[in-house]
Amino acid sequence: MSTRAKELITIAIIAVFSVVIYILKITGVMTGIEFSGTVSTIIIIAIFLALLVILIRTLRGHLVDRRTVFLFIAFSVALPLLMNISQKITVSGEVEQVYNAVIDLQPGSRVLVSFDYDPASAPELQPMAESFLRLCFMRDLKVIVMGLWPQGPQQAELAMSTILEDDEMKAKNIKYGIDYVNLGYQAGNEFVVQRMGSDFKSMFRKDYSGRAYDDLPLVKNVKNFSNIDYSFNLSAGYPGTQEWVQVAVDRYGLKMGGGNTAVQAPMMYTYLNAGQLEGLLGGMSGGAEFEYLANFTGKATKYMLSQSFAHMVVVAFIIIGNAAFFRSGREKKL
Amino acid sequence: MEHFALWLAAFLTLGIVSFLYKDNPWYKLCEAIFVGLSAGYWFVVLFWDNIYGKFWVGVFPLEEFDEAGREITAEPDYWLFVGAALGILMLMRLVPNIGWISRWPLAFIVGSTAGLYLINYFSSNMMRQVQGTIVPLFGAGYDASAYAIVGNIVVAVGTFAGLVYFFFSKEHRGVFGGTAKVGVFFLMLTFGASFGYTVMSRMSLLIGRMDFLLGDWLGMIK
Amino acid sequence: MNHNCRTTKQTFLRRDFLLLAFLIIVIAPTLAAQQASDTMPADTVVADSILVARTPAPPISVTVQDLPNDAGGSIKVNWGLSPDDVAGGKARKYRILRAETIDGQRQEFTEIGDVTSGATEFIDGNATSDVEFYYKVMAVNFLSEDNETIWEATSKSDEAGPVKSSAQWFDWRRINVFVGVIVLCGFILYYINQAKAGKKLFIRKIAGLEAVDEAVGRATEMGKKIFYIPGTQDMDNVQTIAGVTILGRVAEMAAQYETWLEVPVSRSLVLVTAKEVVKEAYTKVGRPDAYQEDQVHYLTDDQFGYAAGIDGMVVREKPATIFYMGAFYAEALILAETGNSIGAIQIAGTAMPSQLPFFVASCDYTLIGEELFAASAYLSREPKLLGSLKGQDMGKAVILIAIVVGVLLETFGIWKLSNLFTVID
Amino acid sequence: MRREIPLLITGIVGIVFVLQYFIPHFPFNRMNAWFSDWFSIVAAFAIWLGALNLMKISFQKVFRRKSDWGYAVVIIMSFLLMAVVGFAEGKGFRDQGTAFDWLFQFVYTPLSATMFAILAFFVASASYRAFRARNFEATLLLLAAFLVMLGRVPTGDVLTGFMPEGMRLSAVASWIMNFPQTAGQRAIMIGIALGLVSTSLRIILGIERSHLGGGD
C-alpha cells in the first residue's frame, strides 16, 4: 500500500471515530469514559514495554524518527486524562510562602490579583487562579482583580463563575463591589502599573462592567498600592511578573506573590531570592501543591497525572537518545 | 451553530497538529487562515484600542456620569497629539519622495527606547542583582543551615564565574580561562534546569488542548 | 513543611476564641447591669455608657511633612501609636482627617483614608501642591458584620500643620544609580575614545559570530536562501534594535556573496527599519541593484500566527541558514526546531533568559545575553564600537570586585556593602 | 541633513529619557507614561504599513500565479473578513456575541492555542536530540534538566522515597532552581544589563546608526 493511501485511511479512521463518539455524546449514550484500575495499569505497562522495545531497537542500531517521539507524547498526555489515580504531593517552600502570606492576612484585607495571561496559557494558570481566589474568599479577604492582557479580566470572570459553582463558596455570599471587584483591562503594560502607583482610579475609571470606580465600595478608598495588603500576579509573559516587580515592588513596595507558567518561573527565582517576590507558584505542579495546601481538588491536581506521565516519557526518550549516542560512540572507537 | 463551532475548532486544531507529521495541504490551509486572520485581528484591535481608545477618547473624552449623576468625564489630554503626529509622519512612507520623513518618528522611538532601557536595566537588572549576590555566606542572625551556606557560596561563585565568562577583552586562558570555564558550567546548569522546568509548562499546554479535544469536543472525559 | 501552617492556623483559632470568651465575660455583666438599673430604652443606654469604655486613646505626636523626592502632591503623616494599639486593644484602626486652606480660609476636616492598627504612617497622595493642609489622626474602635458597621468609637489627636507639598528637581534616593550610570558610561566613553585614538584593543573570539561568515558562505554554496528573523517584538525593545543592527552586517555579507536574504518580520515598525537597513547594506557594498523590495516583508503581529507562517516558509523553501536575533518568547523553540528538522545552520542570539535554553538545544550557535549586544560591534570591527565592549568589561570588573569584597565584608560583619546597590523607589 | 536630524533627535530624546528617572518634577515625571501612549499610537498607525505589505505580497502571488497561490487567496480573504467584521462591529467589537468574538473564540483561539501546544512535542524531540552526554558541559545540561524534570512531578519523590526528606528529588530540584540556577540567571542578567547600557549609549551617541538606514 502506498504511503498516500495509508495517510488517507488514517484520516478516515480518525474522522469516523470522532463522528461516532460525537453522536454518542450528543445523544447522551456516552457520558464519559473512565478506565478502571486494571485497565489503567495495563495501559501503563504497555507504554512502558513499548519504550523498552524502542530502547532495545536503538541499542541494535535502529534510531527512531522524531515522529515516534511525537506519537508517544500524544498518548502519554491523552490517556491519563481518562484515568483515575491519585498521587502524593510534596509542597515546596515557595508555594508555601504564598499560602502563608494569604493565611496571615487579617480578614477584610485587600488582595490585588492581576490576570496577565490569555486563553492559550489557561491550562497552567487557570487552576491557580481558581484555587487562589477560592482561598482568599475562604479567608474573607477582599479581592480586586485587573488585567494587563486584554483577555485577562475575562479569565478572571471564568474563574469566578467556576468557583461560585461550589456550595461552600455559595454559602460565603460573595457580593460584587464589596467582596470582589473586576477592574477590567487597561492597555499600556508596565506604565499602567506605574500610574497605579500614584492613582488606581486614573487607570480604571470604570470597572469591567462599566460601573464608576467611586461607586464600588471596595475600591472607593483604594488610592494606590499602599492600600493593598498583598498582591498576586498570574503571568504568562510580557507584561507580567517581571514588570510588576520592577515597578510595583521595587518602586512602590507592594507585597507580591507570583503565579507563573513554568517557563517563566526559573527567572522569577532571582526575584524570589532577592526578596522581591513573596512566594511563587510555578507551573502546573505549583498549582497542584497550592491546591493541596488549600485543601481543595482542582484541575491542577487532576491534570498532574498526565503531567507526570509526559515527564516520564520525555525522560525515557532522553535515556534512549543517550543510548543511541553511546552506541555510535563505541562503534567509532572500534 | 454550537456544533459547527466545535467542529470548526477541532478541524483547525488537528490541522495545525498535522504539521508534526509533515507539511500538507490541511496545515497550509490552517496556516493561511491563521496568518490572515491574526493580521486582521491586530489591525482591528490596534485601531480600536489605541487610535480610538487611547488617542481619540483621550483627546475628546466621552461624557460620563456615575450612579449619583455626578459628571466624571476625564480631562482631555492634549499631549496625545504628539503620538498622532509621530504616527502620521510614519505614514508619510507611503508618499513617494517624502518617505524619508518617517525616519524622524523612528529616531524618536529608538532614542527614547534606548534611554528608558538604559536606566531601567541598569537599576533593576544590574543594581538589584548585584545587591542580591552580596550576602553574608554565613554568620550570626542568618539561616545557618548547611543548605543555605552551601547555597550562598554557590550563588556567589556561580555569579562571579558566569560574569567572567562574558569578558570580551581578555583572552580566556590560565586562571581566568579556568574561571570562565566554571562560568560556562553554571550557564549549562542554568539552561538545563530552565529547560527541564519548561518541559512541564509545555506539557501543560498540550494537556489543555487534549482536554478540549477529548473533553469539550468528544465528551470522553468524565 | 505543610505541617507548620496547620499549626499556625490552629493557634489563630485558639487566640480568636480566647478573645471572644474574654469579651463575653467582660461585656455581658455590664450589659445586664445597665438593663436592670435603667428605665430608658436599652440600646441607647448601651451606646452612651459603653461608648466610653470602648473609646480608644488618641494617637500621640502627629507630625506632617512634604514627601521628599517626589513630583509634589503628596504629604507624609506620621504618628505615635495610641496606647490602646496593642494586641486585642481598643485602637483597631486609624483614620486620617484633613482640612485644606482655600484663599486663606481653613475648611472643615474630612476623612481621607483608613489604615489598620499598628501603622504609624500614611501618605496622602492627593494633596495639591502649594496648598496648605492640616491633619488629624483618629484612633477607631469598631464592630462590623457583613461589611456593615454596627458601632464605632473614635478619638482624635491634636491637629498638625500647616504643611504644603511641592515637587523636587532631583530624587536624592537615586543618587547611587546616578553615580553608577555615570561611572559605567564613563568607562565606555573612555575606551571608545582610546579606540578612536588608534589604541589596539583585544577582543576574544565569539564562536557564534565567527560562524556567521561560514553560515552565509554555505548558503551561497548550496544556492539556497538565508532567513533572518529579528525577533518578535517591536522597536520599543532594545533587543530588536540590536537585532536590526546585526541584520545590517549580515545583509552586507549576503550582498557580497550574492545570496538571497529574506527577512520576514512581525511588526510594522520593524518592517520599515529593516527595509532601510538592508537597502543601505546593499548600497554600502556597491550592489544596490541586487536589493529587492520584497526581501523584507510583513506577516502578522501575532506571535503564533507569525510562528505558523515562518514554519511553513521554512519547510517549503528550505533555507540553508537561519538567523534568530532579537527578543523571543515561546515561539523560539517552534522556529528553531522546525529549522533544525530541515538541517539548516542556525545561529541565534537573544537576551531573553527564558528562551536561551531552547536556542542552545536547537541551534548550532547561540549568542547568550550580553553577546547579542556585542554582536554588531564585533561584526563591524569598527574600533569605536569595539571600544565600548572594553568599557563594558571594566564595568564587569568593578562588579566582580564589589561581589568579592562585599561578600567578605558582610560575612565578617564589617560593613553592608550591598546597601550601595539598593534601588529605592 | 536627512541623516543628521534623526541622529540629533535620537541623541536628545535618549538623554532626556535617561534623566527623567532622576527628576521627579513635571514634565519629567510624566515622560515614561507619555512614551508608552505615544508608542502605542504610532504602532497603531504603522500597522497600516504592515497590512498593506502583506496584502501587496499576497496579491502579487495570486497575479503572478506563484506556487501555492491559492493559499494567498485564503490569507487575503481571512484578513479582510476579520478587518471588515471588526470595523463594522464598532468599538464594542470585543463584546460577547459579536461576530468578531465568535471568530476570535472558534477560529483564532484554537489555532493559537494549538500552535502553542505543539511546543510540547518540540520540547520532547529537542530533549531527545540535544540532551546527550557528549562532553562535560552537555552532561551538566542533561543532568540538571533530568533532575528538575523528575523533581517537579510527584513521581520523582516516589522514586526516591527511601531517601531522607531533604535529599529527595523534589528537594534536589528546588536546590538547583534556588542556587546554581539563580547564579547562572544572575550572571546572564547582569551581563545583559551591561550590554544593554553600552548598546543604548552607542545609539544615543550616534556611534551605532545602522538602524537609521542610508544617507540619501
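Here the chain labels run A, B, C and D in written order, and each chain numbers its own residues starting at 1.
Here, contacts are C-beta pairs under 8 Å (C-beta built on N, C-alpha and C of every residue); 3 or more make two chains touch, one makes a residue touch a chain.
In this text, all values refer to a predicted model and were calculated from it rather than measured experimentally.
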Neighbour overlap between subunit A and subunit D returns B, C
Identity of the most central chain, Cα criterion: B
Relative to subunit A, which chain's C-alpha centre is the most remote? C
May I ask which two chains are joined by the most contacting C-beta pairs? B-D
Counting in whole Å, what is the centre-to-centre distance of subunit B and subunit D, each centre being its mean C-alpha position? 4
Separation of the C-alpha centres, subunit B versus subunit C, in whole Å, is 13
Just the number, please: Cα centre separation of subunit A and subunit C in whole Å. 23
Take the average of all CA coordinates in subunit A, do the same for subunit B, and state the distance between these two points in whole angstrom. 18
Note: subunit C residues in touch with at least two other chains are 174, 177, 181, 184, 236, 238, 241, 269, 272-273, 276, 298-302, 304-305, 308, 316, 330, 353-354, 356, 358, 360-361, 368-371, 374, 389, 392, 396, 399, 423
Give me the residues of subunit D that touch two or more other chains. 18, 21, 32, 37, 39-40, 42-43, 46-51, 54, 68, 94, 109, 111-113, 115-116, 118-125, 127, 129, 131, 141-142, 145-146, 149, 152-153, 177-178, 181-182, 185-186, 188-192, 194, 196-197, 199-201, 203, 211-213
Touching two or more other chains in subunit B are residues 10, 16, 19-20, 28, 30-31, 34-39, 41-42, 45-46, 49-50, 53-54, 90, 93, 103, 106, 109-110, 112, 114, 117-120, 122-124, 126, 128-133, 155-156, 159, 163, 166, 187, 190-195, 197-200, 202-203, 205-206, 208-209
Name the graph shape formed by the protein chains and their touching pairs; answer line, ring, star, complete or other. complete
For subunit B, which residues are in contact with subunit D within the complex? 5-6, 8-10, 12-13, 16-17, 19-20, 28-55, 58, 79-80, 82-84, 86-88, 90-91, 93-94, 100, 103-112, 114-123, 125-126, 129-130, 132-133, 147, 150-152, 154-159, 161-163, 165-166, 183-200, 202-203, 205-206, 208-209, 212
Residue numbers of subunit D touching subunit B in their complex, please. 2, 5-7, 9-18, 20-21, 30, 32, 34-35, 37-52, 54, 68, 71-72, 74-83, 86-87, 91, 93-94, 100, 102-124, 127, 131, 136-138, 140-149, 152-153, 166, 173, 175-194, 196-197, 199-201, 203-204, 211-213, 216
For a test of understanding, state which residues of subunit C touch subunit D in their complex under the given definition. 69-72, 167-171, 174, 177-178, 181, 184-185, 188-189, 192, 234, 236, 238, 241-242, 244-245, 248-249, 267-269, 271-273, 276-277, 279-281, 283-284, 294, 297-305, 307-308, 316, 330, 333-334, 337, 340, 351, 353, 356, 358, 360-362, 368-374, 376-377, 384-385, 388-389, 391-392, 395-396, 399
Would you pull the subunit B residues touching subunit C in the complex into a rising list? 16, 19, 23, 27-28, 30-31, 34-39, 41-42, 46, 90, 93, 102-103, 106, 109-110, 112-114, 117-119, 122-124, 126-128, 130-131, 133-140, 156, 159-160, 163-164, 166-172, 187, 190-192, 194-195, 198
Looking at the complex, which residues from subunit C come into contact with subunit B? 174, 176-177, 180-181, 184, 201-204, 206, 235-238, 241, 269, 272-273, 276, 298-302, 304-306, 308-309, 311-312, 315-316, 353-354, 356-358, 360-361, 368-371, 374, 389-390, 392-393, 396, 399-400, 402-404, 406-407, 410-413, 417-418, 421-423
